[in-house]
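Next up: the structures, one after another.
Below are two complexes that have chain A in common, paired first with chain B and then with chain C.
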Partner chain A sequence: MALQNTKKHKTGVRDRREALHAGALLLPYGLLFSMFILIPVAIAMGLSFSYFDVINKPTFTGLMNYIYLFTQDTVFMKKVLPNTFLYALIVGPGGYVISFLIAWMLSQIQALPRTILSLAIYTPSMVGQVFIGVVWKTIFSGDQRGIINNILLELNVIDTPIQFLLTKDYFMQIMILISLWSAMGIGFLAMISGILNINEELYEAAYVDGMKNRFQEILYITIPSMKPQMLFGAVMAIVNAFNMGWIGVTLSGANPTPEYAGQLITNHIDDYGFIRYEMGYAAAISVVLLIIVYLFNIVAHRFFGSKDE
Partner chain B sequence: MRKIKTLTSLILAVCVLALVPAINAKASATVYTYTLEIKSGSYEFPRTQDAYLPDKTVTDLGLSKPSDIFITEDDIMYICDSGNNRVLLYDIKKDEAVGEIKGKPLKTPMGVFVTADGTVYVADNGAKAILKYSRDHEFIEQFGRPSEPSFSDTNFDPIKIAVDNAGNMYIVGEGVYNGIIQLAPTGEFLGYFAVNRTRLSFSQMLQKVLFTRDQLENLSMTVPTTFSNIYVDKDGIVYSTSMSAEENSLKKHNTSGGNMFKGGIVGWNDMTDVTVDKNGIIYVSSQRGYIEIYSKDGEFIFEFGSFLTGTDIAGLFTSLPTVAVSTNGYIWAADGDKGYLQSFKPTDYANMIYSAMGLYETGRYEESLTAWSEVLRLNQMSVLAHNGVGKALFHAQRYEESLEHFEVAENRTYFSEAFWEVRNGVIQKALPFVFLSIILLIVISLVVKRIDRKGVIRAKRSAIGNKLLDIPVLGDVLYMFRVARHPNDRYYDVRVGNVRYFEQKKGLGHGKATVIGATIIYILAFITYMVYRTGKGFIYQYVSVEDMDIAGTVAGFFVLIGLFIICNWLVTSINDGDGNLKTVYMLPAYALAPLMIGMLLIVVLSYSMTYNESFILTIILIVSIIWSVVNLFCGLMNVHDYTFKETVKSIIMTVFFMIVAMIIALIITIMVEQLLNFITSVGRELVLNVI
Partner chain C sequence: MKKRRRKSKYMGAKINPKYFSASQIKFYAILLPLAVFMIIPVIYVINQAFKPLGELFAFPPTIFVKQPTLKNFKDLFELSSTTGIPMSRYILNSALITLLTILLNLVVTILAAYVFSKKKFRAKPVLFEINQLALMFVPTAVAVPRYLVIVKSGMLDTWWAHVLPLVAMPVGLFLVKQFTDQIPDALIEAAVMDGANDIMIIRKVIIPLTRPALATSVVLTFQQVWGAVEASNNFITDDSMRTLAFYLNSLSTNNTIAAAGMQAAASVILFVPNLIIFIVMQSQVMNTMSHSGIK
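Then we have the complex of A and B:
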C-alpha cells in the first residue's frame, strides 16, 4: 500500500522519505525472495535454452530443448501430458470441492469436535509420504497379504493377486484415490477459517430478504463472502495437483513408474534432471509446467478473483 | 411275386450301400471353415474359404475306443488304443502300423506322451499309474499314487499326461478338482500346477459371508471344473483345456501356473484335446466335432468341422476325443467310437495365413505384408488378414495406410495407436503455425485491451448478444445459454413470468423462455443426440449405424421426455407446485444447453482423439451431464417454488410415476393385443361355424 501511495504523489520530500522507509522494510524479504526464488527461476529459464549436464559448462542451444520436447519426446506427448491433465483435472477440482464441502460441514458443528475433526482430516496432507509408504502400500500390496487382494481372493473374485502397484492397469486410479484422500491441505484450513469468519448477520439479513434454504445460503452468502480464501484454496489445489508426482514414485518405488502409467510432469523433470542429468532439458520441461500452472491460475482468478484486481 | 422282387432288390441295394465304404469319399469339403468377425462388439462366425480338407481315413488298424494320439517329430503316431489295452504305433509316411507297446502293466491306457528324446509316458487309468518306457519301448518304471501326505486322499486315476523337458510330469486325474497333479521325475508329488477356480455368483458370495458354518455345509458347494487335457510344447510351456469352464477353457500356463492368455480366448467350453505345432499354433478339438485353431497369442484363427453325426462322411466324427499335428502340418484326429483315424490337409489359404503369422512374429514385416496381402486377395473381408496387413504396415511405420485396414478389421486399439502417429506427424508440421497464431492472439488481445480501456468494444459485443436475444424465436432458443449460466435466477424468471425489474434496469433482461423456443430446443436436442449416437469418430463409435435400433432410440427419446413432463406436472399439481403445464413443458428444454454443447464437442473431438486422451471426452460428458442435471434441479426448485427437500421428493415421485405409467402402458398394449386376438378368433369361429 505504501508503495502505491508514493506512486500517486511523486513530488515532495516526505513522500520520498516514505518510499525509502518502505523500501528498507521490504529489503530483507526482497533479498531472500530474490535469492531463493526469483534468481533460481530466472536461471532455470535461462538453462532451458541450453545443454547442461552438471559437469561441463552449459552450451547454448536455442529452442532445441522445446522443439525436442514437442516433436521427439513421445513419452512426454503420449503418456506424461495426458496423465498430468487427467490427474490434474480430477484431483484439482475434485480435491477442491471435497475440501470446501468438508470445511462447510465442519463449520456447522460445535467448536471442540470441529477442532479435533479438522486436525484429523488435515493430518494426511502433512504426513502423506509416510502414510503412503505404510498404509496404502499395505492395502494395495501385490501379494496375497495385500488387504484388497486378500479380500478379493477370499471372495473368489480373482485367481491370482493383482499387481496393483507394479502394472499400469490400476496405477493411475490408485494415485488419484490417494491424492483425493490427502487433498485437505492448507487450502482446506483457509476455507474453514473463511467460513467461520463470515458475519452471521449476513445470513439473518438474507433470510429476511427471502432466502429459503442452506443451498441458497452457500450459493449467495458463503461463497461470495469468502472469495479470497476460495481463491487461495484454488491456487493451492492447482499447484498441488501438478506437484504430486512423488505419489507415483513412492507407491511403485521407482521412477519411471510402471509403463509410465503414473508419470506426471514433475516425475518427467526428475527423470531427466536427477537421473539422466540433462539439466537443460529438465529446465525446459519445468518452464512448460510453469506456463501450464500459470494458465490454470488465470482460470482460477477468473472465477474467484475480486473485480478490482 | 413282383412285390418280393422289389423287396429283395431294395434289401440288396441297402446291403451294397452299406458295404461300399462311403468313408473313402475324399477331397471335397465336407467340413466347413468358419472364421471370427467382431461386428459392433459382438462375435460372429461367418463361413470362409476352406482351411482344411479331409485327406486320409485310416480304418484298418483295428482300433477300439482310441482316447489319445501323439505324433513325434519323425511322424510316428502313438495311439492310445484304450479298448484293446495297448498303445499302437503308426507310421504316417509309410501308412502302416509299426509296432505296439503292450507291456504287462498296461490295463486301460488313456493318455500318451512322448518326449523329445523318445521316452514314452503312458497314463494308465486301469492300473492307476504312470508308465514310463524307453525309446525302444522297453518298460522302465511305473509311478503309482504319490505317498506324500500333502496328496492326502485325492483320487489318482490318471487320464492324460504331459512331460516337460526336465522330466516333470503333469497329470490330469479323473475327478481331481485341485488342479493338475505335478510329479517330479522321481515320482515325488510336487503340488498342483494350475487350479481352475470356482466362480461364485453374487448370491453365493453373500451366502459365504452371511451364513454360519453349518448352513454352508448344507449348501451344495460348487466345485471347480476339472481339466480335460494337457500338452507341453517343445519349449516346455504347458497348455491345458477344461470342459464347461465358464471362461478360459484353453489356457497357456506360465511357470507358476497362471494363464498367459490375459483376456481369455474366444471359443466354446467343450474342449477335449490340445496340441501345438512347432510354430506355436494351437489346435484344439472339441466335443461338438469341430477343430479350432488359435495363434500363439490365443487369437482365434478359424475353426472347421461339423456337428457330431453317425453318418459315414469323411471329416465328420461320432466323437472327437483327440487331435494331433504331423510335421507337415496335417491335422490328425481319431474317432473315439468307430475307431478310425482321419487326417486333414491344410489348403493354401491356411498355409498362407500361418506363414504370414510366422513372418510377422519373427519381425520380417515387409515379407509378412506381402503374405497377408496375398491372403487378402483370396478373402477380401478376412478380419485376420486386414489385421495382419494393418499391423505389418504399422510396424513398417506406414501408419496412414494401416488405418483403413484396422477400420475394416474393427481393431480400434491399433487404429488408435496408428492414428496417434498420424496425428503426431500433422502436429509436428503445424507446430510453428500454432505457436505463431497463439502469440498473435495474445498480442491482439493485449492491443485490444490497451485501446479499449473504457470497455467500449466489450459493451458493443454484449450489445450484439442482447440484440440476438431480442430477436423473437432465435432469442427464445438462445435464452437457454443464459439459463445455463444462472439457472436459479432464470428459472425464477420463468416462474414469475417477467424479467425482474432491477435486471432490466441494468440492461440485462433480454430474451425469455417461450413454448416455441422450448419446442425448437427439443428438436435441436434430438438432432444433437442422434448425431452423438451415430456420428462419432471410428474409435469411439462402437456400434455402427447399420446395427442401431434407430426407431427405438427415437421413440425412447421423445417418450421419456414426454413422460417426464406429464408425470412431473401431475405430481407437482397435487403437491402445491407453482408450475403449470406450460412452464413444466419449458423446464427440461432450457436445462439441456450444457448437455447439447457437451455432446457436440465430444463428436467433434472424437475425430481427433485417440484412446490416450479418451478421459477428456469422459470428463466433458460427465461435466455436461452434471451441469444439465443441476439446471433441471434448480428449475424444478424455482418453477414450483419448492424447498430442497420438496424438490427431491417431487423428483422421486415423478420417476416413480414414470415407471408406473410405463408398466400400465405395457399392460394396456398386452390387453389390447389379447382383445384383438379374441375378436379375430370369434370372427373366425363365426365364419367357420355359422355361415
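Then we have the complex of A and C:
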C-alpha cells in the first residue's frame, strides 16, 4: 500500500514495468509449476475422454471411460471407492482431530519436555516410504517372529500366527494404523505453534466473562483464534491421506492388495496405468481422485476459512 | 507469589507453562505412552540394523540389540558391489540430486515468494489462488501425464528427470510467502529509494529476513527428494543413474533371512540424514509454522 502511494505520480509506466519485472521473477516457478502440476492435470483431463495404450495415438471415446468406471468396473464401485472413503475419512479428518488434540496437550506442558515429545511424535512422518515398509512388515510379519504374532502367541490369544499382510481380514485396519502413525507432520507442527501463539489475555477475559471449563476454552477461544493454522493443518491432513496411497501395495508387496482389501484409488490408477497400460482409463480415475480431494478441501474451507475471501 | 495470584484470578489457560504443576500429570499420562508408541518402531529398526544374524532371528524376538555389529552395513555395501554398481555410486547420485534440487528450489521459491508478497499486478490473486489449490496436489494421481511430459520434453534418462519435477513445491512457496508478508513494506521502499533493484532487494532484505522459512523449505524439500523413488522407477532406465532410495527400496522386496538385517541397515542410512537436518533446523521450522495459517 505505502509503496504504491509514494509512487503515484508516474503510475502508468511504473505499473507496467513493475508487472514486467514481477513476471520475470515469477517465470522459473511458473514454468516448473506448469510443467509438472498444471499441464499433467490438464493432460489427465484430456486423456480421460480417450482410449490410449501408450503405443498408438489416443482415440477419442467421449464419456466411455467414466461410464465404464461407474457402471461396469465392479472392483472400483465395490472395493476401491468404499475403501478410499473409509480410509480417507479416518486418516484425513480422524488424523486431523488426533493431531489437534495432541498439539493441544503438548501446549499445556513445559517447553523442554514439549520439544522432546513433539520430536518423538513428529519423527514417523519424516522417515519415508522405504523405512515405513521395512518397519511395519517386520512388526506384522506373518510368522511367529513377527512382533505382534509373538505377543499374541505368548498371551495365548491365538494358536497359529496370523498372516496379517497376506489376507484381507486385518489389512485395512493395519493400513489405517500405519497411516495415522505417520500422519503427525508439518500440519501438526503448525497447530502446536498456532496454539502457543494465542494471546493469553483472551483466555483471561473469557474466564472473567463466565467461561467454565477447558472444553469451552478449546471451542470458544483456542480454535477460533487459530483458524488459519487449523485450515493449513486440515489441507495437509487431506493431502497426507491421499498421498499415503502406496502403503497397501508396499505392505503386501503386490498390486492388487489381497482380495482388494486395501485397494485405494491411487493403486487402481497404477494398476490400469502402469500394469495394464490403459492410460485413458487410468486418467479418468485420476480425474475422479482429484475431484474427491477437491471436495474434501471445500469442506475444510467451510469449517475454517475466513468469510471475506 | 505471582503464580498463586494468577491462579486465583482464573482457572484455565496454562498454555506454555513455565513451571511443572500437578495439573499437568494427566497430559503426561497420555503423551508419554503415545510418544513411546510413535518412536518404538523407529528405535526397533535402528536396533535391528546393528543385530548379528543370531539375534535377528532369535526366538522370542527382542527389540534391543545385545551385541551390536556393523556386519549388516558391510553386507549391504558388498552386495551392491556384486551387482556392478557400488553403493557409493547410489549415494553420490542421491547426494547430487538432493543438493541440486534444494538449490534450485530455494532460488525459484524466493523469487516467486517475493513477487507474491510484495508486487502488485492484476493476475496475482488468481495465480496465488491456483497455488493454494495446488497445496492439495496429489502427485500419484497424475503419474501417467507426468511421465508423458518427461518423455515429450526429452528428459527421459537424464538427471533433470530427477530434479525438475520436485523443484516447484507449492507448500514451500506458501510458507516462504507467508513469512515474507511479515517484512514491512517501508523497508523495501527505503531500499528502492537507495536505488536498489529487485535482485538487490531480494539479496539484502528478503533473504536475511526470511531465513527460518527458507530453512523450512530446505527441510521439506530434503524429505521429499532424499526418499523419492518416482523418478528412478518411471523416468530412468539406466541403473547407474538411479538413487539410493530406489536401490534400498528394491532390497526391501527381497524377503530372505539375511536381507532383514540389510533392510534395516538401509532404512537407517536413509533415515539418519532426515533426522539430523530436522533437529538442526527445528527451531527455524517452528518459527515458520507460526506464520503458516491459511486465511
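Here is the rule we use: the second predicted complex is superposed on the first by the 278 of 309 C-alpha atoms of A that agree within 3 Å, B and C clash if a C-alpha of one lies under 4 Å from a C-alpha of the other, contacts with A are read in each partner's own complex, and residues count from 1 in each chain.
Methods note: contacts are C-beta pairs under 8 Å (C-beta built on N, C-alpha and C of every residue); 3 or more make two chains touch, one makes a residue touch a chain.
Since we're looking at a predicted model, the values are computed, not measured.
Engineer: Clash or fit: how do chain B and chain C relate after the overlay on chain A?
Structural biologist: fit
Engineer: State whether A:Phe171 touches chain B only (first), chain C only (second), both chains, or neither.
Structural biologist: A:Phe171: touches no partner chain.
Engineer: In the combined three-chain superposition, what is the angle centred on chain A between chain B and chain C, taking C-alpha centres, to the nearest 10 degrees?
Structural biologist: 130
Engineer: Which partner does A:Phe76 contact after superposing on A: first (chain B), second (chain C), both, neither?
Structural biologist: neither
Engineer: Figure out whether A:Tyr281 sits in contact with chain B (first) or chain C (second), or with both, or with neither.
Structural biologist: After superposition on chain A, A:Tyr281 lies in contact with neither partner.
Engineer: If you tally the residues of chain A touched by each partner, is the higher count for chain B or for chain C?
Structural biologist: The partner making contact with more of chain A's residues is C.
Engineer: Which partner does A:Phe85 reach: the first (chain B), the second (chain C), both, or neither?
Structural biologist: A:Phe85: touches chain B, not chain C.
Engineer: Please work out whether A:Asn156 is in contact with chain B alone, chain C alone, both, or neither, and reply first, second, both or neither.
Structural biologist: The first partner, chain B, only.
Engineer: Classify the contacts of A:Arg214 with the two partner chains as first (chain B alone), second (chain C alone), both, or neither.
Structural biologist: both
Engineer: Just to confirm the value: shortest Cα separation between chain B and chain C in the superposed three-chain model, in whole Å.
Structural biologist: 10
Engineer: Can you pull the chain A residues that chain B and chain C both touch?
Structural biologist: In chain A, positions 213-214 sit in both the chain B and chain C interfaces.
Engineer: Residues of chain B touching chain A in their complex?
Structural biologist: These residues of chain B touch chain A: 195, 197-200, 205, 208-209, 258-259, 420, 424, 427-428, 431, 488, 612-613, 615-616, 619, 643-644.
Engineer: Which residues of chain A touch chain B once you look at their complex with the stated criterion?
Structural biologist: Residues of chain A touching chain B: 70-71, 74, 77-79, 82, 85-86, 89-90, 155-156, 159-160, 212-216, 219.
Engineer: If you look only at chain C, which of its residues touch chain A in the complex?
Structural biologist: Against chain A, chain C makes touches at 9-20, 24, 27-28, 30-32, 34-39, 41-42, 44-45, 48, 57, 59-61, 63, 107-109, 111-112, 114-116, 118-122, 124, 127, 130-131, 133-146, 148-149, 153, 164-165, 167-168, 170-171, 173, 185-186, 188-189, 192, 198, 220, 223, 226-227, 229, 234, 245, 248-249, 252-253, 255, 260, 263-264, 266-267, 270-271, 274-275, 278-279, 282, 285-287, 289-290, 292-295.
Engineer: Enumerate the contact residues on chain A facing chain C in the complex.
Structural biologist: Of all residues in chain A, those touching chain C are 1-4, 6, 15, 18-19, 21-23, 25-26, 28-30, 32-33, 35-44, 47, 102, 105-111, 113, 115, 117, 119-124, 126-131, 133-139, 144-147, 150, 154, 181, 184, 186, 189-190, 192-198, 200, 203-204, 207-208, 211, 213-214, 217, 226-229, 231-232, 235-236, 238-239, 242-243, 245-246, 253, 266, 269-270, 273-274, 279, 282-283, 286, 289-290, 293-294, 296-297, 304-306, 309.
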